[in-house]
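Pasting the structures here.
Each of the two complexes below includes subunit A, the first together with subunit B, the second together with subunit C.
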Partner chain A sequence: MKAIAKYTWIAYTAARSNLAYAAEAMSRVVFMTVVLYIFMRLWAVVYAGAVTDQLAGLTHRKMLWYLVITEAIILSAPRVWAEVDQDVRTGRMAVQLIHPVSYVLAHFVMSMGERVVRFGINLAAGSIVALILAGPIRLTVSGLALFLVVLPLAFVLDFLGNFLVGLCAFWLESTTGLAVIYSRLVMLLGGVFLPIEIYPKGLQPVLRMLPFASMIYAPGRMFVEPHSGLLRETIIMQGGGLIVFATLVCVVQAVALRRLFSNGG
Partner chain B sequence: MEGDVFKSLLDYLHLIAAYTRINVKAQLEYRGAFFSQVAAMFINDAAWVVFWTFFFTRFPVLHGWTLTDVMTLWAVVTAGFGIAFGVMGNAHQLAPAIAHGELDLWLSHPRAVLPHFLLGRSVPTAWGDAAFGYAIYFAFIRPDFGRMAMFILLSFIVAVAFVGLGVMAGSLGFYIGNASSLSEQWRFAVITFSTYPPTLFDGAVKLLLFTLIPAGFVSYVPVETLRSMSIWDLLMSVGGALAVLAAGAGMFYHGLRRYESGNLISING
Partner chain C sequence: MNRGVEIRDLKKNFILTRWRGLRRNVVEVTAVDGISVDVPAGQSVAFIGPNGAGKSTTIKMLTGILHPTSGDVRVLGFTPWRERRKLAYHIGAVFGQRSQLWYHLPPTDTFELLARIYSLDRADFVRTRDVLIDRFALGSFLQTPVRKLSLGQRMRAEVTASLLHRPKVLFLDEPTIGLDVIARQELRDLIREWNREEGVTIFLTSHDAGDIEHVAERVIVINHGRVVVDGQVPAVRKQYLGTKILHVQFQEPPAAIDLPGATVLFRSAYELKLEIDTALTPVQQAIARVLDAAPVADIAVEDPPLEEVIARIYGQADAIEKEGP
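Moving on to the complex of A and B:
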């Protein structure tokens, strides 16, 4: 009970401190607005030239709302890898390991606190843009409930992926390159701008098998077109992804900590 | 008189070459970090090209634009951006430098302040952009000799436009204090708009793309030049880039009169 209170407090502190940086939040909102406007134009042209009013099973309006969710997710990602990288490089990790909290769990709750605030701001801003540019879509309570089941698991998976990138600082001179590659994989294979159904047919089963789609595509799709089949498929993929990523984090951290040296002073 | 101008130009070209050599050498001290950043940017750009490949596989023509056109757009923008900030990377630091009163160091040198300041730093990832731009154009478009020469020329013209934009955005610091965030957003907006087909935009937005957000001069006109190979379009590209640079330099030197020293003591190592 005491441990839960401790980690909740860490998450709460991270969330509050994130609220203090209004300029940073504003810059994300501006960037998101620009991207949403451009993609609204892109899809407007595509839908105007299409013989059907639905592409990938989505109307033009739903496509824009799909983008709002995927953009809100991707732009809310905290730079976990950079913090872990710095902890390794500066030796701060050695100090944190002697604290009465788990290093991974502390970073996890901090990242979640930060992410929830960022996602909320992005979603609010994106919704305003979508309402102005495209108009509302019909949402149901059950649909939103399904969305809220897959969204937190998507955040957890992304945290583990980012954490793994940060741990590579034990071996690499800089993890910036790896972080860029990871973020591009999430963007491209996760379906940030294109729902998986738009990708070439032969590639779609592969993308659905990878964890990236369950981080981005699944929550986005669940928001605009919720159904139990997608929920089942997503839970299986997220569960598998969690096992693989969590195992990798444990193994890599165990190996990495053997390389950790601290100098007193 | 003409001899003096030529000598001065040659002198500045030597300065550019010397600074670029020193900046790259400094970055190569951390060889692993440098090459990983260059490779990461190359992969980042490639991810966008893969995205567009998927897009055009499903929707082959977008208001008259094909995959080849979008590849050309990306090649021109990334090559120009890479050259601009690989050589004059300090443009990204102009707004914070003004806010922190860090221009003092550059004011004390006998060289003209603006070009000297801009040359002070190289952005390592920019080299990845430049490499990507050239690689994608030569490997994907496979141009004939004329287009190859035109592309090389245009990549430098676009670089001029990007430097001008960087100076304009950074010079906001003279007028509104800490303009780092606004300056970054302005640059971001131009880069984002410049990597999408111009046929997506019309009306007031199109007007914006040739004025406040000069994406038209960093990508649309140069791409049209490569498509048409017309001298008129080339002149438009050159004129547009020089106009953006002149606007940037004008804003900088006008704003410099309002600059207040930070009383910082710094050593440029």
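Moving on to the complex of A and C:
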């Protein structure tokens, strides 16, 4: 019980601290609005030229709401890798290890606290844009419940991926390159701009097997087109991804901590 | 002995791998080389040494952050690297160059978070927090975001944060770095006061001789990973620097003073500052000669600054190292 209170309070403090970055939150909202506007215009042209009113099983309006969700997810990602990288490089890790907390868990709840705030702001801003440019879509309580099952797992999976990139600071001079590659993989293979169904047929099974789709595509699709088949498929993929990523984090961290050097005070 | 810190033959080697083209070059570097020290509960110890001497590595092994290559350590009866989280409830640490306060939030928010992290009883936490706020005079900036605090205010808040759970051992790693003279003195006084009144064991590392003189009763000097000096601060000063500073103000210009082993540090018409080698001229004899030279308005006998003692110890340790065993 005390452990839950401890980690919940860390998440709450991280969320409060994130609210202090008002200018950053605003710039993210502006950036997201611009991106959404551009893609909504592009999809308008695509749908106008299409022979059918549905692409990838989604109407024009649903496609725009799909974009809102995927953009809100991708732009809410905290820079976990950069935090871990700096902890390793500057020795800041020592300050955290002096407290009776798990390093991974503390980072996890901090990133969740931060992410919930950012996602909330992004979703609110994106929804306003979508309501103005596309109009509302029909949402059901059961559909939202399914969405709220897959969304947190998507965040956890993304956290573990980011954390792994950060831990590479024990071996690499800089993890920035790796982080850029990781974020591009999430964007391109995760289905931020295009649902998986639009990719070539031969590529789709591969993309569904990768963890990136269950971070971005699955929650986006679940929001606009919820169904139990997708939930089953997503939970299996997310569960598998979590096992693989969590194992990797444990192994890499154990090896990495043996490489912990201490320099300069 | 009361349970404080017990260190037995502590060693830490680091393996450094360097690539030269396709050739891998593995070098083993010894950071800590067989340190054995006992620190009784309640003692304040300065742990000093030049850069790269191994102090930081030792502190990180004592706090459970690093695993040693060999040796044994007990801090309050715990083996730090095996029982890091258990030990963390009983120790505190202040790293002068790294903050544990949340940058965008006021100090009070970090205090609230630490109360949860250490699972403190609410009433105990409030009582300790209020005592510390009062003692460290944090009231005026308690609700100000940390980013807007001066360095002196921030460091007072840092020390408060590390004392909220009433640790039995406090590790201070260069706590006064970057502070101005007043802030530095205030912080030293507060730490010393807490050590004496609460019986907290203080483990201090610093390059500032003033920190050592004002906070510590015992000094341990390490160099190249080994203990080269271990003793009470006044004894170390006496042992390693057999000199006194004689500072005299005359009522009229003095006659020439010729003393064996005396070096003039400063001279003006009415003032004289001499460094006396007490092995060649006892202090009493030096004072007698000065009093003969002219009527004296004021006279002070001072110990040399600890910086000189430390510099001399480092110099001697390096000389011994070069000569070999």
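Keep in mind that, in the parts below, the second predicted complex is superposed on the first by the 261 of 265 C-alpha atoms of A that agree within 3 Å, B and C clash if a C-alpha of one lies under 4 Å from a C-alpha of the other, contacts with A are read in each partner's own complex, and residues count from 1 in each chain.
Here is the rule we go by: contacts are C-beta pairs under 8 Å (C-beta built on N, C-alpha and C of every residue); 3 or more make two chains touch, one makes a residue touch a chain.
Please read all numbers here as calculations on a predicted model, not as lab measurements.
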**Complete:** So, after the overlay on subunit A, do subunit B and subunit C clash or fit? They fit
**Message:** Just checking: does A:Arg92 make contact with subunit B only, subunit C only, both, or neither of them? Give me first, second, both or neither.
**Reply:** second
**Message:** Quick check on the superposed pair: does A:Ala145 touch subunit B, subunit C, both, or neither? Answer first, second, both or neither.
**Reply:** neither
**Request:** For A:Lys2, decide between first (touching subunit B), second (touching subunit C), both and neither.
**Result:** second
**Request:** Would you check which partner chain A:Met187 touches, where first means subunit B only, second means subunit C only, and both and neither mean what they say?
**Result:** first
**Asked** subunit B and subunit C, closest CA-CA distance after overlay, in Å?
**Response** 13
**Prompt:** Once bound in the complex, which stretches of subunit C touch subunit A?
**Reply:** 14, 31, 51, 56-57, 60, 63-67, 84-86, 88-89, 91-93, 95-100, 102-105, 109-110, 112-114, 116-119, 145, 173-174, 205
**Item:** For the subunit A and subunit C complex, residues of the former touching the latter
**Value:** 2, 5-6, 9-10, 13, 16-17, 20-21, 90-95, 97-101, 258, 260-265
**Request:** Sort out for me which residues of subunit B touch subunit A in the complex.
**Result:** 30, 32-33, 36-37, 39-41, 43-44, 47, 50-51, 54-55, 57-59, 62-63, 181, 184-185, 188-189, 192-193, 196, 199-201
**Message:** For the complex, give me every residue of subunit A touching subunit B.
**Reply:** 23-24, 26-27, 30-31, 34-35, 38, 41-42, 45-46, 49, 172-174, 176-181, 184-185, 187-188, 193-194, 198-200, 203
